[in-house]
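In the two complexes that follow, chain A is the common piece, with chain B as its partner first and chain C second.
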Partner chain A sequence: MSLLAGQVATIAGRSVQRTFRQPAVMIANVSFPLLLLAVNSNGLRAATHLPGFPTNSFLDFFLPFSFMQGAIFAALVAGTDLGRDIDTGFLNRLALTPMRGAALLFGQLGGGLALAAIQAAVYLTVGLAFGARFGSGPIGIVVFLVLAMTIALAFGSLGLVIALRAGSGEGVQSSFPLLFFLLLISSMNLPRNLISVDWFRIAATLNPVSYMIEGMRSLIIEGWNGTALGLGFLFALLLLAGGLGASALSLRTRMART
Partner chain B sequence: MSSASRLSVAYAVVYRYARIQISNPSLFVPYLLFPLMSFMAYAGGLSRLRSIPGFHYTGGYTSFQFVFVLLQSAAFGGVFTGFSVARDFEYGFARRLLIAAPRRSGLVLGYVGAALLRWTIVATVVTAVGLAARMHIGGNGIEIVGLYTLGAIVNIAFTLWAAGVALRTRSIQSGPLMQTPVFLLLFLAPVYVPIGLLKGWIHAAARANPMTYLLDAGRGFIAGEDTHVLLAFAAGLGLAVLFSLWALRGLQRAEAAGGG
Partner chain C sequence: MRDRHGIEAERLVREFKNGPRAVDEIDLFVAPGEIFGFLGPNGAGKSTTVHMLTTLLPPTAGTARVAGYDVVREGPKVRAAIGAALQEAALDQFLTGREHLNLQASLHGLSRADKKRRAEELLERVGLTLAADRKVKGYSGGMKRRLDLALALVHQPQILFLDEPTTGLDVQSRSALWVEVGRLAKEEGVTVFLTTQYLEEADVLADRLAIIHRGRIVAEGTPAALKAEIGRPTVEVIPADPAQREAVARTLELFGTPTTGAPGAVAVRVERESDLSDIVRALDAEDLHSAHVQLHAPSLDDVFLAKTGRSLEGAAEEAEQAVTA
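On to the complex of A and B.
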């Protein structure tokens, strides 16, 4: 194993352990999106009567929302852990060791990613048990999970940027409304062509989260839609690259301060 | 004398929480943003739902969602106050508060006063945004007073609920315990469409949910078509009485534990 890979594994192992040591956080983060899925997939079922609605199952339509919310929680977990490390001085002590910045960043994503993997398994199982059907078949489910994990990784990197800028776990937690806002102002509840308020439709079209949701949704509802899937992966990878780049810059600034 | 000392304790608590909110915008801003974001997302993103067959509400979708967001902000105002109470216990301040207060029931009254003050500000901002979004108001002055009175009752009831939890657990870790039942009550009501359009288990849950009648009455008030008014006030006041007993029993538990 190369030196960098070893360092990533060490930090990631610590991050995963920290996440699993907080069952209350795990349970809340897994159950809350499920609760919303149960309530909204029934409460908004009437929306399937709208002319042009792409499916007659609101569960199929809404299932990707749980994965997106899971990605936001992954951002909060990764960011809060790093914020706490900054707060407690652990990062300062780490700066005195030969640990490389890249190893720290990739490793810190481990906890959030582990949580996202558990969430994905739970949401998929619950979705399938309650009648969600993947138009893209079993291979589509695998692609769906790959996309969901890429999105979780991308949001996790965003969590790192927030932590490095805020410098505390509390700062990361208080960014939750902002991250949730990205979700609310997307096509999560209705397809963009059925949103009748102009400003909202424009905001949802400009919001990359809409394309991530639509990418996942296409695998369930449509089967294989190359454009939707491509855009979903593209925006997830762009966010990941942007998040890692910005966190590398922020880490350099933070290290210079110590 | 005793009611005067109770009021002076309550005033001190309200003053303290108001000071904390002013000096820590990070505590107040999320509470203000949450209903505004919900309003934007629901009234903006879901307005097409008004064209579903069977959606008969004369006030328009913006008003339909405004009432939900107003009551949601009232309920979560109570929950956020519960967080502050729990934080006071966790950091040991509440122990000093219990020693200093000649009439401790004034503390609960103070929590309610602080929550109402905070909600008044949020309700004003949410209303201003609603008006800017050209929401239709068909109700007369008395009906609008009725709507905000319902909001105040919801705020008082859920403050007492959250304070009761905080006084028992005396830890901020109990946050999910305070907010999850409130969240469930709110979202198991007809949030997006009228109850007639809900099908299956969620329809049965909404029928049994007191929040459904509060929402219906509020939506009726703003549209100028009174619906379930007596039932709504009875449900709201019933919750407030029930949760005041819950909070006062919680206070006794906290006293017995020495505030620690």
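On to the complex of A and C.
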């Protein structure tokens, strides 16, 4: 194992350990999206009667939202942990070791990714148990999970940027409403072409979250839609690259060791 | 055999944006194997100096070499040679003591076998073997500080920075840490740079010390030399009959300069400790009776007072007021 890989594994190991040792946080983070899934897939079922609605199962339509919400929680977990490390001086302790900055960034994503993986397993199991069907078949489920994890990593990197800028766990947690707002103004509840309010439709079209949701949704409802899937991966990877780049720059300021 | 280098700094400066000059052209020399005390009140510039010497903060101006390496150009080499327990015992409350040591050892590149051996060794040395597998959130302040020290020693550094290691600790924990720091220097030849705001700590531990006040070093030397240079002993007399206070004061003034003493006491600063017997004889000759006579040896607070115009305690309060203002 290379030095960098070893350091990433060490930091990620700690991050995962921390996450698993906060069961209250894990339970809340896993159950809240499930609650919303249960409420919305029943309460908004009538939307499937709209002309042009792509499926007659609102559960199939809404299931990707739970994964997106899981990604936001991954951002909060990764960011809050790093923010606390800055706040308590633990980052200084790490900075005094030969640890590379890249190891810190990739490693810190470990905890968020572990949480996202657990959430994904739960949401997928619950979704399938309540009748969700993947038009793309078993291979589609694997691709769906890969996309969901990529999105979780992308949002996790955004959490790192916020942590490095804010310098505290509280700063990261206060960004939750903003991240949740990004979800709300996306195509999470309706396909974009059925949103009748102009500004909302435009906002949803400009919002990269819409394309991530639609990429996952296409694997359930449509089967294999190259455009939707490609855009989903493209925006997730762009956010991941942007997040990692911005966090690397912020880390230089935050960890100004010579 | 390790190369033997200590710490050298020349005209070291650190300025913060829109703030005062936290460290103002200080010169330092710490010999290998020495325990060097860096004494000053809160806000004097102690921690900023430590952050620069440990490569965590680039200096605004000046140079510093630690373990023979330049802190700006050779940061990774400096970090490999030093261990540091910074002001806040920065620990992860969700990890155990042993997990902390494993994490630190892994990042320093120790092999699996070495990690295990070193963790056991250090846990035993700091008296945390029984608590090793408990999460840190259940540790007392003293236990956290001891773990902090163990973490700084994982990679067997030649220079150890301890930033106010005993602040907030009870007397017993403080003494235990002093013993361990002394042992490290004397038995293992580790150079120790210790910041403190406790006069007693500097007096007990440091081979040499520097006093920093408002970012500048105002005195440097061995505790004994500094006290001999500045501080003179004080003789304090409480008259048996308060009506004789004036007469006692007149007699004492023949031997030294009047100074402030305990309530009800008359005090003078004398030239040497042997003046005490002359004072007692003079009081007897005048038929002046005393309820209490005491000789106070010069203290580091006298040194601080002489160099800065205020006591260390007063300077700390002033610094705190400046922060809250």
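Here is the rule we go by: the second predicted complex is superposed on the first by the 256 of 258 C-alpha atoms of A that agree within 3 Å, B and C clash if a C-alpha of one lies under 4 Å from a C-alpha of the other, contacts with A are read in each partner's own complex, and residues count from 1 in each chain.
Convention: contacts are C-beta pairs under 8 Å (C-beta built on N, C-alpha and C of every residue); 3 or more make two chains touch, one makes a residue touch a chain.
Predicted, not measured: the structure shown is a model, and the values here were computed from it.
Chain B and chain C, once both complexes are superposed via chain A, fit side by side. Considering which of chain B and chain C touches more of chain A, the answer is B.
Of the two partner chains, neither chain B nor chain C is touched by A:205.
Contacts of A:21 after superposition: chain C is touched, whereas chain B is not reached.
By the document's definition of touching, of the two partners only chain B reaches A:181; chain C does not. Between the Cα centres of chain B and chain C, as seen from that of chain A, there is an angle of 90°, stated in steps of 10. By the touch criterion defined above, A:3 lies against chain C but remains apart from chain B after alignment on the C-alpha atoms of chain A. Look at A:89: by the touch rule set out above, it reaches chain C but stays clear of chain B. When both complexes are overlaid on chain A, the residue A:98 reaches chain C alone and has no touch with chain B.
In the superposed model, A:227 makes contact with neither chain B nor chain C. Using the contact criterion defined above for the overlaid structures, shared-chain residue A:196 touches chain B, although it does not reach chain C. Superposition on chain A places chain B within reach of chain C only down to 16 Å, the least C-alpha distance between them.
Counting contacts by the rule stated earlier, no residue of chain A appears in both its interface with chain B and its interface with chain C. Every residue of chain A that touches chain B in the complex is listed here, in rising order: 24, 28, 35-36, 39-40, 42-47, 49-50, 170, 174, 176-177, 180-181, 184-185, 189-190, 194-197, 199-200, 204. Every residue of chain C that touches chain A in the complex is listed here, in rising order: 54-58, 71-73, 75-76, 78-80, 82-84, 86-88, 90-92, 94-95, 99, 103-104, 106-109, 135, 151. Of all residues in chain A, only 3, 6-7, 10, 14, 17-18, 21-22, 85, 88-90, 92-99, 256-258 touch chain C in the complex they form. Partner chain A is touched in their complex by these residues of chain B: 26, 30, 33-34, 37-38, 40-41, 43-49, 51-55, 173, 176, 180, 183-184, 187-188, 190-193, 197-202.
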